[in-house]
Structures are given as structure tokens and as C-alpha cells.
Amino acid sequence: MINFRSDNEAPVASEIMEAIAIVNCGTAYSYGGDSITGDVSAKFSDLFEHDVEVFPVTTGTAANALALGHVTPPYGVIYCTEQAHVLVDECGAAGFYAGGAMMRPLRGADGKMEAPMLASVLASHGSHGDHEAWPSALTVAQATECGTLYKPEEISTLAEIAKRHDLVFHMDGARFANAVSALGCTPADITWRSGVDILSFGATKNGALAAEAVVIFKPELAVEFGRQRMRGGHLVSKMRYLSAQLLSYIEDDLWLSLANRANRAASQIAEGLSGLTSAEIFYPVEANALFVCFPEHIIRGLSKDGFLFHEWPTHPGMVRLMCSYELSHDDVTLFLQAVRRHVSNPV
Amino acid sequence: MINFRSDNEAPVASEIMEAIAIVNCGTAYSYGGDSITGDVSAKFSDLFEHDVEVFPVTTGTAANALALGHVTPPYGVIYCTEQAHVLVDECGAAGFYAGGAMMRPLRGADGKMEAPMLASVLASHGSHGDHEAWPSALTVAQATECGTLYKPEEISTLAEIAKRHDLVFHMDGARFANAVSALGCTPADITWRSGVDILSFGATKNGALAAEAVVIFKPELAVEFGRQRMRGGHLVSKMRYLSAQLLSYIEDDLWLSLANRANRAASQIAEGLSGLTSAEIFYPVEANALFVCFPEHIIRGLSKDGFLFHEWPTHPGMVRLMCSYELSHDDVTLFLQAVRRHVSNPV
Amino acid sequence: MINFRSDNEAPVASEIMEAIAIVNCGTAYSYGGDSITGDVSAKFSDLFEHDVEVFPVTTGTAANALALGHVTPPYGVIYCTEQAHVLVDECGAAGFYAGGAMMRPLRGADGKMEAPMLASVLASHGSHGDHEAWPSALTVAQATECGTLYKPEEISTLAEIAKRHDLVFHMDGARFANAVSALGCTPADITWRSGVDILSFGATKNGALAAEAVVIFKPELAVEFGRQRMRGGHLVSKMRYLSAQLLSYIEDDLWLSLANRANRAASQIAEGLSGLTSAEIFYPVEANALFVCFPEHIIRGLSKDGFLFHEWPTHPGMVRLMCSYELSHDDVTLFLQAVRRHVSNPV
Amino acid sequence: MINFRSDNEAPVASEIMEAIAIVNCGTAYSYGGDSITGDVSAKFSDLFEHDVEVFPVTTGTAANALALGHVTPPYGVIYCTEQAHVLVDECGAAGFYAGGAMMRPLRGADGKMEAPMLASVLASHGSHGDHEAWPSALTVAQATECGTLYKPEEISTLAEIAKRHDLVFHMDGARFANAVSALGCTPADITWRSGVDILSFGATKNGALAAEAVVIFKPELAVEFGRQRMRGGHLVSKMRYLSAQLLSYIEDDLWLSLANRANRAASQIAEGLSGLTSAEIFYPVEANALFVCFPEHIIRGLSKDGFLFHEWPTHPGMVRLMCSYELSHDDVTLFLQAVRRHVSNPV
């Protein structure tokens, strides 16, 4: 069964499974005192060309909520898009970790935060004294929930607005690998070099078992982060197995190779569909996701063929095709053939 | 100086000051064990023609946040309008008291929640499992922050939608008196009889010193409310002085007389401005507030004349005129004369 | 009926009622923008011989919880005594405002925090990394819940320990007036001059209607306190009535005269009971409270006589006699006569 | 190096590593929709001879905090021992998840909650109205943090007291396997059959990679638990790998075999030390932990030999020897030989 449902339905990449097996030998300090975890910050500092502090956790929601909660006071406001995973998919975790802070969604095209909108909303703040909650953090997803990307200069523009209003700038990088691979930039280019302060670095959706990391680019934002992680129940005891995933993930650019496979699948599908009038691609296909509007009979037909995907609730007749690293060229070919077959055989 | 800045800048009504003085005699049980407080629930039950439980507090934000916090689980969502006081003027209090629950603002005309919009947003929920926060409460202000009103049948329509989705229906009645007086209905008509479950009953903006009450129409929603009030630091020790305000406020329809004065001032101004092309009334004037767009020179002129009002940040050139119970017919006449003078003498 | 139940059952002092009446004239800025409130910080700075920031609120629980919540991170620990009002009488308010921080009660004689115990508990911290919550705040009541007092040098000793461990030092001054009056010191002597950082300054139990103030001695601790107060629903709109209470309370040493009356009543009772073997005074009588163990028949007899007091749950046969400013010399004489009568007439 | 530092420093048991590898094949529904996770509740219901709902998470702190947070209202009190992991090792997580509820530690011998103490503390509650936080939950660890055990009848006695006061009874079973194995009872005997309502079932300390489960014995306590888990960031996406650990852990009694090895090592050490006057065993050795007071030179000597253990901060001269499943008979023999050597060669 060819699965476009979600990249987190894919199995663990063999290199990462092997890395887990390798560290399963003898005893080791728990809670991150082990030597493997000891390497993580250094290796990530190399990767990001910047001194960073890294806090591994097991879920993306934990990474996002801990990061946003740590930098947002309880009387604060977090700005995000209307499609933001932190807003609509995490059951209020960020508000919980931020002690009741508010999420304020802003409307934008293609799932992206738009600089003029953000600037205008922030400009309207500040005249209402203690009555208004305090603008505290900006969060954007890279790649976005719509499969689109921010270019480095777009991030810089948002960062400038954020700095002007003393907002901490957080990036939800659940699909950070897909973004870096597709943009052909360095990890630094779209993070600290463009003004991002804190990153949720995802690995699970791109081949890890359960490994994400909060990467902090400013040392002052890392103070007592460890205690917040503990208090949230997110400090795993046998940390070596989590750190091993992260290290093997970034070793020899494995993360980019995996992401590249997923991205390539998405672009091949986009290309294959481009000539078809009965397949309307909704958002620009820039990473590993496609949102496609098909006539009803094609959706039914593809389902019957066994292809797995989500019909997307925001628009009737739209499906989301989320490509994982595991999809092969043949998988994509089979899918495109099936689409063409249903196009030419309307019921 | 004639003051349209806010109704909470008015002094305490003399009847209420007197009631405070009268109870200042001898010792009395603290924390609500006194006999004056003992009368409050019964008198309010009479007023609302329904058994109610009443919890006096000193601020409207406390009433709203305690009410919403008590009925919303921490993984819940509270629906409100984009102008809602609970959203934009209370520094996130509702989210704090609800343990981090989310506020979701919905757009509507004239500061009112619109039934089709609410129905459509709620209909889109429920398919996303534990990932989505749980729709828990609906809150509307009566009168609204824009000075408009919900008719009983509008409230019923919203209540039906709320019930269908198991939402608790809360009414922010900071200006409840203005609404009852203007609608010419009973307190029951626009609360429990129309499906409201819990009410923040305001008195401070309409002549009290510092007195609001959470009025609960369903006994099951009152369970442990007292403990929540204590935990928020909102159980005043010398409760008799708070209860005396509430009792004198509703005695002999004082609250409606006071509100009627404020409403009448607003409608007189609306009438007086209606013929002027350089005064555009923005929202329907249904209670005690007007939002009026004036040319710049009129705003400057009125300010120079000593009239007090807020220029409203949402629209350049718009002022809010909030009428208190204390404004006299002469005050209004003076104001209208001044406007006409500035209209005929453009700079 | 002569009332020893609680000082918060007493009425409002006439000077304070008058002050409230005086400000009830014309309109005034709300939310503390008025000129009366504008005077509060200056007058309190004079009183404390130190620049202070003052945040009026209506309840002692609000003052304590806001103060402790503001200076304690959510992963923090607040140290208090086992009898502390913040621990046993405020339904967890401090933990709520501190985002879930822990209260750790320490045992001490006569309701007082003991320096060696505090030092020893704090010394045992710090070796357990992120696993342990962070010692953050120390709170003591002055006067204590047992009616005892800390001398300035005792406060200094506690403060030194607190500073050594970076704890913020909070004083619950619900009965601060009674302490200052009894110690014959200045307000400064037992606060900032001895190392206290933040004070809940109580007035309600000593003659106000509903007026307490958070007094902050270090400007850095006052940052965003106003927003926290708003978020808790504790910013009253008609602030002038609250500020007027506070100003009249400290004017011409009214607060000390009132407290002196209450303290004198307590010491007269203590003296009157001192010769009686059937009246055992439990804690040193240093302020306005007595805890006395009487034989059962005396307790019953005094109740039957109409004297009002609480039988204290911590020790069978013990009553608490809390003296308010309103007790007269005659009240005390009548009480002592009654006690002697019951002593000499055992049932 | 022979490691007594903690059982969570041991590697993953080979059977569990194999189970993880086996499920790493093809795609599977994420967030627990997969067929492996689908089996977990049924298999655990068999194991516990009772219909249970099971919520896998990755850390013991998450299991405890989610469980206690779910059953404790924000104005509640959680009773625990002074040594409780939830109190001293989890950085306030339970208070965080319970919205600021209070932890109240009770003193007891050998790290165990004592029924008379609990009964007496609970009996003193209930007369103080809204001022007092509400007794809500009781939590005990089985095995305890001191390596001791509760017999089924001891649990029943505690449960009766808890039920009388409407407390939910939670068991922290981080070392539940060690308890079941040592007591020779069934899992049911020391949980629901004795009155436990909700269990944190640990596997990580006994051979899993990162796998714990909240096991709920009463369906009404499971309502919306999933949403709380999500909101805490504890719903792992690739759940099959977590469920596979849990299933292999309980298959063919693997969990009891592993625990038995650890317990046997502890009892062999206890036996080996029993004749030595310079080794004082502090708590009864009933599971897999020993707390032993040695003379200083023995502690230094064993360290120099390379044995790994914690010097325990609560008592100078005391070490904790925590035995993991991985310790062999030879390891224990070597350790005992070393002790005897140091005993006979005092420096």
C-alpha cells in the first residue's frame, strides 16, 4: 500500500535503527549525562555554524510547547498562522506550557505568515496598558503546514518586525530537513542568520523513531530550559537512545538525503499532475506535501486502488499527499498512472 | 468636565453609598457568612425568576475569568467575538483561570457573534481526535463592546448551536443593566430563558463602587465555584459591604433607573447627530455607547472644549462616547451644541 | 456581642468611611489613572523611607498570591511555615499564581520560621540538577498566624539565608500594623532594612473596607506586576475608592492607633488571665491574638455568655481570641470578669 | 564497571530491542491508530484480570504527572510521602499538570505512607470551607523509593481511608515489576483488587528503551485522558515502537524475569552484608534497592575499585545500591568480595 497519509507513518530509517542498536551496550549515565548526549550540542553547533544549546525530546508538540512556553510569559501573546500546527493540532499545548498565554492566529496566503499583516497587528498594540496581553513570541513553521517554504529573506523580514517589538522568534521545524533540502541553503541561513532565536528541529517525520530537539541560538533563552523540560515530563532517562537517533540523523547528511527523497517524490507528482485539468494543485509544491483538488470519482478511485491519503477538511474535494522519505520512484509512477487512468475513465 | 470616556469613571450612586454606610455597624461574619450576603441569592433568584447561585466579586474581569475558567477544561476552547472584552481587555485572564485553554475569536458585524459563523466553525470540529482542543464555552457580551444588543431570539439561536455542541453559554453582562433597560425585557428573558448558563452580572459600570456577581443558572455549574473564587484571591473578607452594594443596586429597580439614564443620554446624542453629514455613527446605538466618526477638526475642537472621550484605535477618526448614569440632559445638550458649533466653523 | 472571632469581622473605621465618601465626587480616571491613586506610591515611599511601588488590591490572598506568583518561576519552591495563611487558608492561590510552583512548609515553634531549619533545608538543595524544583521564595507572616512577632534581627537573619540562596523574601503583612505598633519600630525596620523584598501590606483586618497593597522594595521585582494583577482580575476599575482607603489608613498614623487598640486589648486579656491556672496561654501574646486553653466548661460558659470566638482545630480545648481595633477596655473587662466567674464556678 | 547507580542506566533488554526491530516494517497509522497499539489495552486487561485503559508514554514523570494531574482539580491536594519521587525528583511536574494543585508530604517510616498518619491528616480537613484546598488524591510508590514494599493488605487499608475521603488512589509503579515479582502476587492483587484507581506502570527502569503506561482501572477516570496526554506533548507519533516495547515486556512474563534478576541481586547483597558490623542496612531490602551505611574508607575503596553507586544525600555515610536486571551473580560476588576486603583492611 502506497502511503501518502503522513510522513510520520513511515518506518524508522535503517541507519537510525542501527545507531540505536549500537549504543545498546553496557550501562551509561541516565538523563543526558552519557557521552553520546554529551556530543549532541557540539555536533549541532557544527551543523548550525553557531554555538547552540540542544534539548532532545520525543515529540514535536513537546519541542514546540516547551520552546514557546519558555520564552512567553503567562500574560503574553504568541502570533502564528491560522493553519499553524501549534494552533490546530497540539490541543493547546503551547498555552499550557506558557501558563495560559494567548495564541493569536493571523491570516496569510499559502499557510505563511505575511509581514505586512504581522507588522500591522503589532503596531496596533501598546496603547492599552495592563489591559492587553503582551506580544511575546512569533512562531512560523518551516516547511509550513501547507507544504510551502519561507526564503531566507522572508524570514529576515519577519525577524526584523519581531525584533522591533521584542518578540522572540520561534521556528517549528517539524519538517526542517525538507525545507533545507528544498531551499538548497544551510541550516544557518534560515535560522539564526535570518533572525530565528529558537528552533524545534524535527527528525521523527523524516526517519527517526521519536526524536526532536529544541535548538536554542541565544544562550539567555536556554537558562532553566532543562528544568522546564523536566517539569513537563520530557526528560527521558535513557537519553543515549534519543541522542543516538539525532547524531546518526545528521551524520553524513543522512537527514538531507532522506528529505530529498520525500521532496523529489512530491515534485514528481506535481509535475505529473501539471498537465491534467482535473487535478488542481492548491498550494505551491515546495517541500514534500501536495494539496490537490480532484473530482470526486478520482478520489474514490484512488482510494479503491489502495492509495492512502487524507481528504483535507478545509476544502471539499481536496486531498493532502504527504510524501515520506520511503516513497520510491516506482511508487510515484504507479500513483500517477492511476490518476491518469481515473481521469480518462470518468464514471 | 463632561465625561464620555467610560462609565466606570462615574462616581458611586448615592443610594449605593448609603447602603454601604448602613451596614457599617457592629461586627458580622466575614467571607460571606453574614446575613446580608445570605440574602443575595434569594433576592437574585427573585429578580431572575429562577433559582440561581450568586458569587459576588469586585471586578468584571474576575467575574468573567472565574466563570469561563470554571466551565472550561484546560484543553478547551472558548469562542468569543474579535472585540470581546475577555479577549482584548483582560490580559488573558480567562486563559489563566481556565488553565491554559484557548480563546478563539470569530468575526461578526457590529461586535456581535453571528450564528451562521459559529455554527460553521463548530461543525468543522470533532474529526481530529485528541489533536484538537475541545470546544467548551461560548461567551457573548450583552450589551456588546460596540454598544449593540442581542435580542432574546438571537440569544436563543446562539444557545441552540451551543447546546448542540455541548458548549456552556456565558454572558458577559458588564453592562447587563443597559441591555435589560433598552430591550424592555426581563432579566430572565435574555439569560436562562434564552439558554444562557452563567452570567457575569455587572454593577460597577452602572453606579456601584466595586461589585459584580457571577450568577449561575444551573446548579451543577456552581459546584466548587466557591473554592475557585478563593483560589483566585477573589473572596473578600468583609463581604457585607459588597453584598450591600448588590442588594441596593437591584432594590426598587435602581439598576434599571441608572441604566435608563445612561441609555437615554446615548440615544439623545444619536438623535442629535443624525442630521449631520460630518458625524457618522458607526454601530447601531442600542445601549449607552456611541462610536462616531468625526472630521479631525471636530475631534480637536471637542477636546479643547473639555469634553472627555477616547479616540478609538480601531478606526482613525472614530471616537467612543460612553454614557454613564451620571450624564444629565444638560450635559448632552451642551455636547450637541458644541458639535454643531464645530461643524459650522470648519478650521 | 463581644467578638473575638476575627479582626475582619469588625466594621470599617469611621475615618476610612469618611475618606471613601469624600472621593465620591465627580468623575475620575479609572484603573488607577486618577490623582488619588497617583499619590499612593509617594505616600508609601515616605512611610517606608524608601522608593516603593505599590499595587492596591482588595484581598490579602490576592496580595500574597500575586506577590509570590510574580517572583516564583513555575518550577520554583516557596518556603513557609506549617501554619502559614498562604499554605492553609488560601486554597492554593500562591501555587495557582505561580504556575504550579510548590509550597514547602517547614516546622517551627510559635508559628515562626526558624533560621537553622531554613538554612539546613536549603543547604540540602542544589545537587539534584533539573530533577529538583528550584528554591525561589521565602514567605513569613508578620505578625504570624499564632500572634507572635519577628524582631528586626530575626528578620535579618532569615534574609541573609534567603539571599545566600537567591530567594526572594516576601512578608505577609495582613497584620503588619499590629507588628509595627507592638514592636515600636518603623515600617522600614522590619521590611527592606532587614532584607524583605516584597510586602503584602494589609489594611482590611485593621479597619479598612477592602484594601491591601503589594509594596515592592526592589524596582526589578515590579516589572510587569501590573499585568499580572490585571490577568488575575485584581485591577479594580474605580481605583480611587481603594486608594482613598489606603491613604486615610496611613494618614496621621491612623493605622497604628487602630492596631494599638487591638494589641492593647490582647495584652490586657493576657495579663488578666496570667494568674489563672485554668487558662493556659499557648503562644507568646505579642500582637493582637491569643491562643488559650481552657477547660471545657469555661469554653461552654463563655459561649453561652455570648462571647464570640473560634475553637481552634489544631488543639482540643484551645480557643483563639483575635482582638480587633474595635474592642473597648470595657469589652475586655467584661470578658475577664466572665472568665473569672466560670473559673470559680466549675460545673 | 559494575553499576549500582540506577536501574535506568542499564541497556535495553535484547527481547525488547528485537520487538522494536520487528515492527520497523512498512507504514502504520501514527498516534496510536496502528494495530500494535490496538492490542495494548486488551493484553493489559488480560494481565490485570480487569478491563483497563492504557495510555503509553515515554517517561515515568509523564505517567505520574498526567495521572495525578488528570484526577486532581486545580484547588486540590495530593498526599504523598516525604521521599516520593513525584515530590522530590520531578521538578513539580504533578503540580504543573494539576493546574497548581498542592503536594502535601506526610512523614512515614521506610518511605511508606502510614495509614494512621494519613487518616489523622484527612480527618482534620473539611471544616474550613473554601479556604482550604480540597483533598483529592493519594499517591504511593510500589516499590517505594526506599526499596520497600506495600503488602496487598497495607494497600487495602490505605485505599479504605482514601475512599472514605473521596480521594483517587494513584500508584507510582516505576518499579512495579520489582514489587510484583518480590511479593509473589498478581498485578491485580496490589492494584484494583486492593483499591488502586490508576497506575503508572513502568518498564524503562526494567529493560525497556523508553516505555511507561498509565493504566486506568475505572473508566470514568479515563475520560479525556487522551486529550490531556496530547496537551502535555506526550502523544508520540510513531506509537508502534512504544507499544511494541510494552507488549514484548509483558509477553511470556519477561518483565517478571527481568525484575526477578534485579531483586535477587539485591537480596544476595543484603545476605552477603548481613554478617558485617561495618555495613548497616538502613531500610528493609524488599525489592531491588539497598541503602547501606558504610564507614568512609569502604565507600572510598569501593569507588576506587570502580563500583558505581550514589552516596545518598539524606544520610552521610549512606550509599544507595540500585540493582538492575543486568547484574549477574558474578557481579554481586565481586562486589561482596570487595566489601569484605575493605572491611578487613581498614586504612
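Chains here go by letter, A, B, C and D, matching the order in which they are written, and residues are numbered from 1 within each.
Everything below uses one rule, namely that a residue touches a chain if its C-beta (ideal position, glycine included) is under 8 Å from a C-beta of that chain, and two chains touch if they have at least 3 such contacts.
Small disclaimer: the values here were computed from a predicted structure and weren't measured.
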Interface check for copies chain A and chain C. Shared numbers divided by all numbers used: above half gives same, below half gives different; which is it? same
Higher-contact pair (C-beta pairs counted), A-D versus A-B: A-D
From the mean C-alpha coordinate of chain A to that of chain C, what's the distance rounded to whole Å? 51
What is the distance, in whole Å, between the centres of chain A and chain D, each centre taken as the mean of its C-alpha atoms? 34
How many Å are there between the centre of chain A and the centre of chain B, using C-alpha atoms for each centre? 42
Please output the residue numbers of chain C that touch at least 2 other chains, ranges allowed. 74-75, 90-92, 96-97, 99-100, 130-131, 133, 227, 230-231, 235
Touching residues on chain B, where the partner in the complex is chain C: 1, 3, 5-6, 8-12, 17, 20-21, 24-30, 57-66, 90-93, 96-97, 204-205, 209-210, 227, 230-238, 241-242, 308, 324, 326
Give the list of chain C residues in touch with chain A in this complex. 31, 73-75, 99-100, 129-131, 133-134, 224, 226-231, 235
Flag every residue of chain A that touches chain B in the complex, lowest number first. 74-77, 88-92, 95-103, 124, 127-128, 130-133, 313
